[in-house]
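Chain lettering (A, B, C, D and E) follows the sequence in which the chains are written, and residue indices restart at 1 in each chain.
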């Protein structure tokens, strides 16, 4: 076994000899550096393997060869080996980045200082002597100061000076603490503490921990006493940021874990909890207002440390803290580097590797899957939930959300295209002069170009030599290692091998992207993959899962065909889409809450990045991810209180109300219930067309699935005297009214459809919340059929947008002549969607109202009817504005939508027709699905379904409708002898003739009168509310930011205050 | 014989030499030699339109549609005569005389007559008095947009010979040079009773199967177009307004 | 004014943290048990007359190694700080007054004494108060004097670096020798203990102290040079 | 099987003939009554027949496209379907139509079928006034649909069934059993909604002849218009039958002719009521009528529902 | 007694140093203040090691180690102070060099003269 002291000896020896060595041969010396840093990684790796294999608790070394109580000891346990491995790995990474950087590589003193930094960190981690810790602390800070001085930004001296004052003070405190400790304990050795002495009794006993802790905590940059650190982050180079947060902070936390056991736990635990909570929340808030990327990451580091403090303070497994810490360490240092390259290159859209890496690091930082932090956070919350520690759970999740706010903002701003203003623009209709000129012929070219851009506006990339440097390989390697370790760790937490296999599909398509396999071929493979996936998971599905599995697989699988329309090469597209599909399917096959939540988050992430691919998608994606995160966190909080029982097993779940409420709130956010819906329209609208279609058809159903999974668990819960399901029902119906009303007033067709989806999902929720046989059938029926007809509609509209290049409905018109097939598909879709018999949409309505009336929810039923009337309005507007009315000159040459877009539409149409003709095809399976939950209240007579209230025979309706349609048609054909086909301007026009289709086509502000009458209902109050919330948080952040005034003396003042604050927390001033 | 009548009618108009743009020399009436209406496929050229506009207008010429024979046609003619829907387009001052017809005093509804706001649905076009060139353009358009069988009722002297505007620079003197007229009602202005009488006359004409103005128009399409185009200089509509 | 007020309050708080102790603690009657162990065993273990040296160099040798490193790092840092400045303002020339007669003459007398004194201090570190650091600083002060007196115009960087690197590396090497030849890292007992109280005693402690002295001396000289040459 | 189908076809034909002729005569006679009120002679009672014949007898027609052509077909199919999906006269197989294929909800939603088709046809005509009228019509429709839905829901809550036949059956045994008297709030809400449904004044802004020459059917003519007129008769009849069934006890007697006569009387009165209101009030603007329907009638409807649910 | 006096001295030094850091705006004076604090802590550490009537823990041939137990001061704090002093020296030196750079850049001796990094 390697003696721990070799870590120190090797590093130090290298540092000392390096100047000589470099004089002899600079190149070789740098290579030697790699060797040394590699050794630093290899040694802990050996330990790590040995410790875990040989079951040795400690590798121990006393330095001078004397009994351990006399000298300074070094010890490495499992934990230390792990931390060393990671920290030294980060060190190696920094070395490789800097010693071989293209512009101004580090040399000489800088490399020496870097190795001394590593020495300090290693020493801090392995030493078991309290004064030795001080020495190593000073080593690492002083070498850091040395490195600071060669930053490119010369403000670094200001920051560095503040840092020095602060760290000088903290070491002073630490020294005082050592003094008191020595007074009390009579030794400095952590392993040789005399037994039986109460270390924390009396004044002295309070003072030493106070000063020791002050020393360490202040170095850790806690909120309200960290301005100096942040100033340094801002001015220092990226590499130093990586060192500070990736290496030093990690080591210092290990120091803290060494001190904690010395202090009585009823003093230290609450203190850490308070300090950690404050830091976690406040630092995140402060980070939120930063414009400097480095400073933002600095605050984020501080906050992450706060999280680790919370974990330490909550008394849960220390390993969790370590995992979080290490994830942070790697992710943060990786992010510092990718951020560096990213910030240097302007818009990052054409830098795929950087996009991927930054994304991965951001995800890892946030503790999302598949990274280790995810499993750690999950376990942590499970433990906290088991202890009913709601407050801590709340703090952790709130902080994580705040972190998402700024990290995803940064990511989105980096990935967004140059045209993207970053605002939610399309909610405002552009001025009329934006209408393409009436007679200019070249606008056709422009239109078709923008059309192409609209659809093909993917991340247009190639690995050109100038955008790519092998430096990015190291972060890539790190990311890969993190992903692997994350998968391994999360597997340890509770994923099975069988569960993980489908996710390898993502990797497969990533590899295809690396080899630049054309998208069309990838799409083909994806279809094959989805079929394989279907066979793979089929044995595991039963009940609801089968149904939703069908919806997900069939829905996405069919819409994959639409991707054939893509031209050229869209990297990442298929990987993400397949990822989305796999996540969705995994949600179904999950057997534990952890698996479920893992898939849920994977679903969130893949879909988020799919949104981001849109050309104007920054705002949409941003809202999407924030609300999705919030939703996920609510669900997570709920799950944490279920005592690890799978939510699908509703019989054995705990009966308390809180988790139910939390999970339901999470689901409400996910399905964009009224009040939290503002993310949906903009993200669905701004994603690429074929992607939006998948979102609207399939992804919107996942919230519903979640409800059905919990099923009866949610029912019969009383919240302040009201049944929760009753409340949910109202939310559902209000959502549908609001969605329909807002869809009514959109000029942008994708917004219309997005709001429409929102409204329809409201119905599904309503159906679920009825909690009866019929209600569930109606909900599931709608889920299935909605998938089909919204798919038809979305794809049909996609074709229109693809051909015309505009999303504003009033700019098109009369396209029925150019795109008849799309029109037919859209027509069937809107008939079905608005619930007009004889198509299947009516079945949904019938079931819904029957269920509502059976339940006695009369007002809800009336509201639902109103909403469906409004839905009829916007659907008519949609089909009229696009396909009917006056055709525009610039679209005269528009062709029918391409076949890849049409084929899925017609597949769906066949399904819709089949279900319309034979409703029992769908309803009977649904009945069997629901049977375990509710006794059937409908019976069948042939094709006639009979409920307690009414009856419906879809087959007969179909025949009668055909009859009453065909007979008048024949009559008309007979009577109309001389029919002249005329053109669009052959209209009665008050004895005049029309001149411009633009002014003759009535489509803009189609329901103006409705807006006059009921427009007050769609005042963007909720948007205002959320904007206000955003502004409030920003202002809060701004206010908190100002605490860090930038004045060195102010910082000293803050530090002293902080010490006093700590002393109060310890109750030590008496 | 025809020529003679023309001469007689136009001999005493007393129009100043060379000036009347709108009231051409009867000898040149229907001279379509300087306009071209059809292309090789016998579709309308629509030469008054720009290239782009031609795409937006139908270019089919009107055609003569033979009536049914026998009782069926009589039955239909009866229905047509008993359901006269007037196009609500007051082309001139005589339109004011239409209003009293709707009142309880005259009550045209009892004869199956009612106003209709759109030419598509109307079967009778009451030209309410003098027709200026500007109005004429609209009259032609509206008339062509009505679906056959369709009937025209010229109200007042102005439609017959220009009346008191006979020498105006822009008033059409004789309506049936431009569109076929079924019934003229003389007077300046004729009273509603006269109007009613004219309508009754029209009913008789229709019932007798003589209300074939639409077919006449189609038959003599080039003649009418020549006349219309001679006075309407800014012809920016299709040659036949479907 | 208000700022000052708050500062006073803060000070009062701090004072109230410190000063209760004054009343609570009285002079100790005996050293701590660990110190007792040192005092009892120090002579037998290492044969060093100066127990503090034994503690510094051996018992807590790792601290001392760290301490050297700190100084090393600081020297490197300072040279980096001023290096940046040198690149910025190369053209700036400050007129330096030539050293006075007294300084030159005095230096000529003093310099050998100072260097010998420095060497004495670190070689005898295990016997008398003093040691590597002190000696090294004395040497560095000699260098400073030499600069002032104009005896040295320019420090021989190669030489200083060599001394610094070699001494530092040797220190680590000696520490490692301790592992292989004696009990553990920085165990000085791989050299004979010698006679208690004599110069060549206490194993490798004098060697270590000498190395430290050389290293500190060269590091401090480096710092002086860095500041001076700016 | 075949004979069953033939019988059904025959019955359907009879039923349709009855409603068509009755509704046409009703329209004609109502116009005549209005004329009398205004001191005119008024058009003949059979004038609607003549108009329809004339329109079918037009020699030419123009079409703007497939949807324009199919629009009136959709519309008529909607009217026919609405009529055929409900029982007309309670207790007679001949007049129960196809009410076995669906209940009240089917009827309510089938109304949309014709609306949609017409709207599409009007839209394809390319005339700006057509969609303008459609947008007004649809907007009004969503508004009056709410009180109507509330009224229907109230009735469903009252009788616990969605089947029109059963609702009628539940009202038998004397006028005091009619919904109009057992559930007056529902009746009021429903009858107010019916005003909007019939598009008479004050809710006639859809066709506003002088402003947007008759709105949706601006471009409709000849046989298309004839079809719309046919539908207007049947659809009106269907709606009145629906309201009669829902609120006024339906029509039933042991003799078929008497039953039909009862239907005639009841629907005539319903239509008369609409016309009286129409003749007495000026026209609302669209937003006004929307506000109107979402105001008092909706509140009354809610009261009706609440009264039934407690 | 001695310990208490030393404690008071140490406390006073620390407080004076802190006062200097907090109230002086001259950057060098702040560093001097910092040095004072440092020194105060060193005094404190030394005071901890004090034993009544103790002597330096240096033996000679006559002094037996057993005897030394009774009247030597604690060697450990002394050793610590040695280390701490050197480290303090290093920190102060580095701080001064940073201060020089800061002054040259800002052209002012005042520490809050020009704040470029804040918030």
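As a convention for this text, contacts are C-beta pairs under 8 Å (C-beta built on N, C-alpha and C of every residue); 3 or more make two chains touch, one makes a residue touch a chain.
Values in this document were obtained by computation on a predicted structure and should not be read as measured data.
Engineer: Leaving out chain D, what pieces does the complex fall into?
Structural biologist: one piece
Engineer: Which chains does chain D share as contact partners with chain E?
Structural biologist: Chains that touch both chain D and chain E, as defined above, are A.
Engineer: May I ask which two chains are joined by the most contacting C-beta pairs?
Structural biologist: By number of C-beta pairs in contact, the leading chain pair is A-D.
Engineer: Going by CA means, which chain is nearest the middle of everything shown?
Structural biologist: A
Engineer: What's the farthest chain from chain B if centres are computed as the mean of the Cα atoms?
Structural biologist: Relative to chain B, the chain with the farthest C-alpha centre is C.
Engineer: Cα centroid separation between chain A and chain B, in whole Å?
Structural biologist: Roughly 72 Å separates the two chain centres.
Engineer: Report the inter-chain centroid distance for chain C and chain D in whole angstrom, where each centroid is the mean of the CA atoms.
Structural biologist: A distance of 105 Å separates the two centres.
Engineer: Rounded to a whole Å, what is the gap between the Cα centroids of chain A and chain D?
Structural biologist: Once rounded, the distance between the two centres reads 52 Å.
Engineer: Quick one: report the Å distance separating chain B from chain E, using the average Cα coordinate of each chain.
Structural biologist: 115
Engineer: Which residues does chain D have that touch at least 2 chains other than itself?
Structural biologist: Each of 59-62, 213, 218-219, 222 in chain D touches at least two other chains.
Engineer: Considering chain A alone, which of its residues make contact with at least two other chains?
Structural biologist: In chain A, 131, 135, 138, 142, 145-146, 149, 154, 157, 182-183, 188, 977-978, 980-982, 984-986, 988, 1053, 1056 touch at least two other chains.
Engineer: Going by the touch rule set out above, which residues of chain B reach two or more other chains?
Structural biologist: Those would be 58, 65, 118, 120, 242.
Engineer: Following the definition at the start, I'd like every touching pair of chains, please.
Structural biologist: A-B, A-C, A-D, A-E, B-D, C-E
Engineer: Can you name the residues of chain D that touch chain A in the complex?
Structural biologist: For chain D paired with chain A, touching residues are 56, 59-67, 69-70, 72-74, 76-77, 80-81, 84-85, 98, 100-106, 109-110, 112-113, 115-116, 119-120, 123-132, 134-136, 138-139, 141-143, 145-146, 149-150, 153-154, 156-157, 160-163, 213, 218-219, 222-224, 226-227, 285-288, 290-291, 294, 301-302, 305, 308-309.
Engineer: Report the residues of chain B in contact with chain D in the complex, numbered from low to high.
Structural biologist: Of all residues in chain B, those touching chain D are 58, 65, 67, 75-76, 79-80, 82-83, 103-104, 107, 109-110, 112, 114, 117-118, 120-121, 123, 147-149, 214, 242.
Engineer: Which bits of chain A are touching chain E when the two form their complex?
Structural biologist: So the residues of chain A in touch with chain E come to 131, 134-135, 138, 142, 145-146, 149, 154-155, 157-162, 164-165, 168-169, 171-172, 175-176, 178-179, 182-183, 188, 227, 231-232, 234-235, 289, 1041-1042, 1044-1049, 1052-1053, 1056.
Engineer: For the complex, give me every residue of chain E touching chain A.
Structural biologist: 14, 18, 21-23, 25, 27, 30, 34, 37-38, 41, 44-45, 48, 76-77, 80, 83-84, 87, 90-91, 94-95, 97-99, 101-102, 105-106, 111-112, 114-119
Engineer: Which residues of chain D touch chain B once you look at their complex with the stated criterion?
Structural biologist: 31, 35, 38-44, 47, 50-51, 53-55, 57-62, 209-210, 213-214, 217-222, 225
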